[in-house]
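Dropping the structure in here first, questions after.
As written, the chains take the letters A, B, C, D, E, F, G and H, and residue 1 is the first residue of each chain.
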């Protein structure tokens, strides 16, 4: 089990070991928040977050709603 | 008095749609939206701040999707591809909610829409099952095309986004209304209450605004003014205004004057 | 929200004043006035029909002086003398009621006021203890003179009586407002709801209209529209509108876009 | 007691005998209505109607409120 | 093409009248006036500087009364008395020349005319044998009174002196034109060439301006523009414009298209 | 004074372009065009009448390609294909002349352009060596695209073809002018002389019109008016207009008044 | 040499014998006039008119300039 | 013959001895210039300048044309 590096919202991010999207969201205090995750250009439904493992080199976008016109 | 506003599969009492941008804070945003009486509220999608103040308040904690119809927009997108991608993310974010405001800009300076990209994005989204409310130019030909294509609402600008110039193109809007089969909602350009009334008096089905309320000296009060203005303009349209004449016409009888 | 409108010794919640002319019948007159929410209602004085149908319904049976502030006008007078005489009769008719709308016309065709006669009549009436609300041209010099002289409200036309052209002279109205110490009420010219909103947004204290309501296809509904329009315009004025700019300004944040 | 002729709202009017303004108003079914009377250019207050006799040649105007702008 | 402009006993080819104020120097004044093609030129009367630089150049050395019709104005007068006195001095100054521009102001801030004083001064001057061209408000009643009284030209403002707002009151001007028997010349308010064209297209007989030329970045060039604009607007008025329609109308034949 | 108007490889003194449609006859067409001073004249292509009156006069016998720059238009075309085909025929007809006015309509009723088809036709024509002057909507994004693509002139409408409504969209035109590298010529919508002046004062490089002249009561005189109007508006633009102010500003000195 | 039928500006046209575009133009009094010919969707340059024979079934368009905006 | 003091365009002015309007104008270099003189509220025609003597206490206004709108 080795460390991984992936891109999160444009920033290079390192983690000591692989983790899934659900774990990532929790680490980011996103539980109970409304957000959406795109991984390598693909939208990952909430239902699949736990089952989706982040691999080295993945590109992840996490978005939420903000004020807009 | 006023029939409900039907947009795709949904129906609304209020004909005022409002944005959530440019407010001092989320409390002001919420209070202004409540004061406006709007049922449809636009939001934008942006990257979540990672790490720092990760438990900052979230817009949707203030504007609950349970109370309002959230209308995610694609503001900031300059290509059909980005716009479509943003709508997909919005649908996932809002648990399958399929009503979106499509907006593909052509230029940073004027925020004028890129109609070629807008048409192409609209096609893709409609095929993918979205109900598309589309921000567009006041070009009657494109408005008709978007209408025919199946957009649930066509939303021509009254003047550039955030300009506050009001309805600079009443003739175009009138032509668009003549050809329309879907609700025509003036989106962008309204600056003050009478602008909204004028749009409704032209026969528009609704008005969408953000800056006019958020950037007023007193946003909450302006939100109330806009609520009244849209209702007032709608009633005036339905009531059928008097004819204009160059010369006056006495309001009091001209018989029976004393001598 | 909106402070009351103070006219001389009286105070009112509504800033919409309405006339009672040109309606189909007295029932419609009453219903429209109720729908408008107006508290001040103008009436004219005419010779009583002698003999024939002497028990025809009377306007004041429908618009009771107990419920509304009756504002007798001098419409149809073309000289100071006739106008003063009409006001005297009105005061007797209304048991000493001293609030009147002075209106001395200069011409049958345009119903434009004769300001020389208007000034002279105003002087006489004020000396005789009347509280004078005066219909006048949009000449800032005369408006100031009428204000200084002690008229309780100065009421410049927005456009010719019954023309429905709306506020054709916003610049003059703005200048008049700058110099005023008394309520400025736009009288005559309003054609539809947004016209009333615009007058209030300019900072006027009220709007007086008749034809715009009475000659709408649906007078009752237009009366409601006008009620909302005056409130809306007043709120927008107090809320302080956004600045106008030629170029747009994004309503959604331009940071945090996905890549 | 002889007949009198006077002008009422512009019309020549004849009455078999003198009468006062109150009697005239009643004849015209104006009681309980709002009206005002001017006689020879002078306004006659309601309080004086009974005491005011119409004389031959008088000019009388009776007005009431009508719809106006 | 265009008939001459008759003002009292005089007749002119040019329908553009210009002032001589606000220029950098007298050379620029002269050059601009020559470029404008104007035949009538307004001047003001002021105290001669005593002693110091007593041999400074004089306006009339540059604008010779032999070449131009000098129109002394009463600018700066706020009472009929001052205006009349100024006209008397002007007549003496110009060796009995009896054509004057009467202008009695009501207020320093807006330079709006005082019509009561204007009417009274006009009466006095006409009785004293002056030919009076009168600057006035756009009040149709006063304009008619000045016309009937015998002013040789009635000159309503288009907007406040020096404001450059253009024709803000086309309706009033149209009404004034309907009633007029004397040349109606729009005086004050013109800001750019199209404003002058619009005044002429309404049917005005001429346009008087000063600031629009003197305060342009290039006064001489603007003077040319104004000359062309007045001629253009006059021709357009005489040519009779096309009707307006909301919908287009093909300029090319719709038969004979290839298949 | 005014620099020449450069369009592609050509250069012109006059900034007024005129059409040849809707005149009573070819004599009037010729006389109006001569009066207008236009150097560029638009024509349409239609099927030659076979057989009957085959020796009827031909437009080009009156408007000789030797004296005027003939600008064949594609009026009546509703697809890029038809427009391209028409331009090819025009080039053959005019012996290789490669300057054309591209116009692809979207709708018979408003004659509003179909911008998607217009863009596609412009591409094809430019690749084929045509110099394309393109009639288009007032959409700044498309105007820029046509400019970048290599059209020799971009010609946005001021209002619908033949409507005579004038410049209903000054803001759009201003935005288009800011972004342009090619001559911007207002095409369609002008109704009277001041409309043309206003277009030029906005900074447009020229004005193209047909109906405003052909359908005036006196076309020849209106043609003269338009010639003057375009020159006047151009000069006013170059001269730099005065600033607008709400309040007046005295044209005469306020010192040296007598006491 | 047999008769031919072709379409000319939308009208069926019959000629006793084949002819070229130049001959057709002359028959139509178009000489010394400005016109352009399209044959079966192809533009035929003036230089080729004499050499271009009209065949049975051809579709010919002849256009000229008219007043337009 | 004593000195006189009079008001000229608002300024108190002293002269060693009486003089007429023509002499005053010449002193002010106004000859051959266009000007008008008002004396004690009365306009004095050019023809009378030489004959009009300035007296102690007179109020004189001399005006000329300047640029105006």
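Here is the rule we use: contacts are C-beta pairs under 8 Å (C-beta built on N, C-alpha and C of every residue); 3 or more make two chains touch, one makes a residue touch a chain.
On a predicted model such as this, the values are computed, not experimentally measured, just so you know.
More inter-chain C-beta contacts link the pair F-G than the other of E-G and F-G.
Remark: subunit A and subunit D have CA centroids separated by 95 Å (rounded to whole angstrom). Each chain gets one centre point, the mean of its Cα atoms, and the points for subunit A and subunit F are 57 Å apart.
Rounded to a whole number, the gap between the C-alpha centres of subunit A and subunit C is 64 angstrom.
Of all residues in subunit B, those touching 2 or more other chains are 19, 21-22, 44-47, 73, 75, 85, 89, 110, 112, 160-163, 165, 171, 175, 188, 210-211, 246-247, 250-253, 256, 258, listed in ascending order. Residue positions of subunit D touching 2 or more other chains, listed in rising order: 9-10, 38, 61, 63, 66-69. The full set of touching chain pairs reads A-B, A-C, B-C, B-D, B-E, B-F, C-D, C-E, C-F, E-F, E-G, E-H, F-G, F-H.
Residues of subunit C touching subunit F in their complex: 171, 174-175, 246-247. Across the interface of their complex, subunit B is touched by residues 106-107, 110, 112-116, 119, 137, 139-142, 144, 159-160, 163, 165, 168-169, 171-172, 175 of subunit F. Partner subunit B is touched in their complex by these residues of subunit C: 1, 19, 21-22, 44-47, 49, 73, 75-76, 82, 85-86, 89, 109-112, 160-165, 188, 191-194, 197-198, 201, 210-212, 214-219, 221-222, 224-226, 228-229, 231-236, 238-258.
Only residues 9-10, 38, 61, 63, 66-69 of subunit G touch subunit E when the two sit together in their complex.
Considering their complex, residues 19-23, 26, 29, 42-48, 50-51, 54-55, 58-60, 65, 70, 72-73, 75, 85, 88-90, 92-94, 161-162, 188, 209-211 of subunit F touch subunit G.
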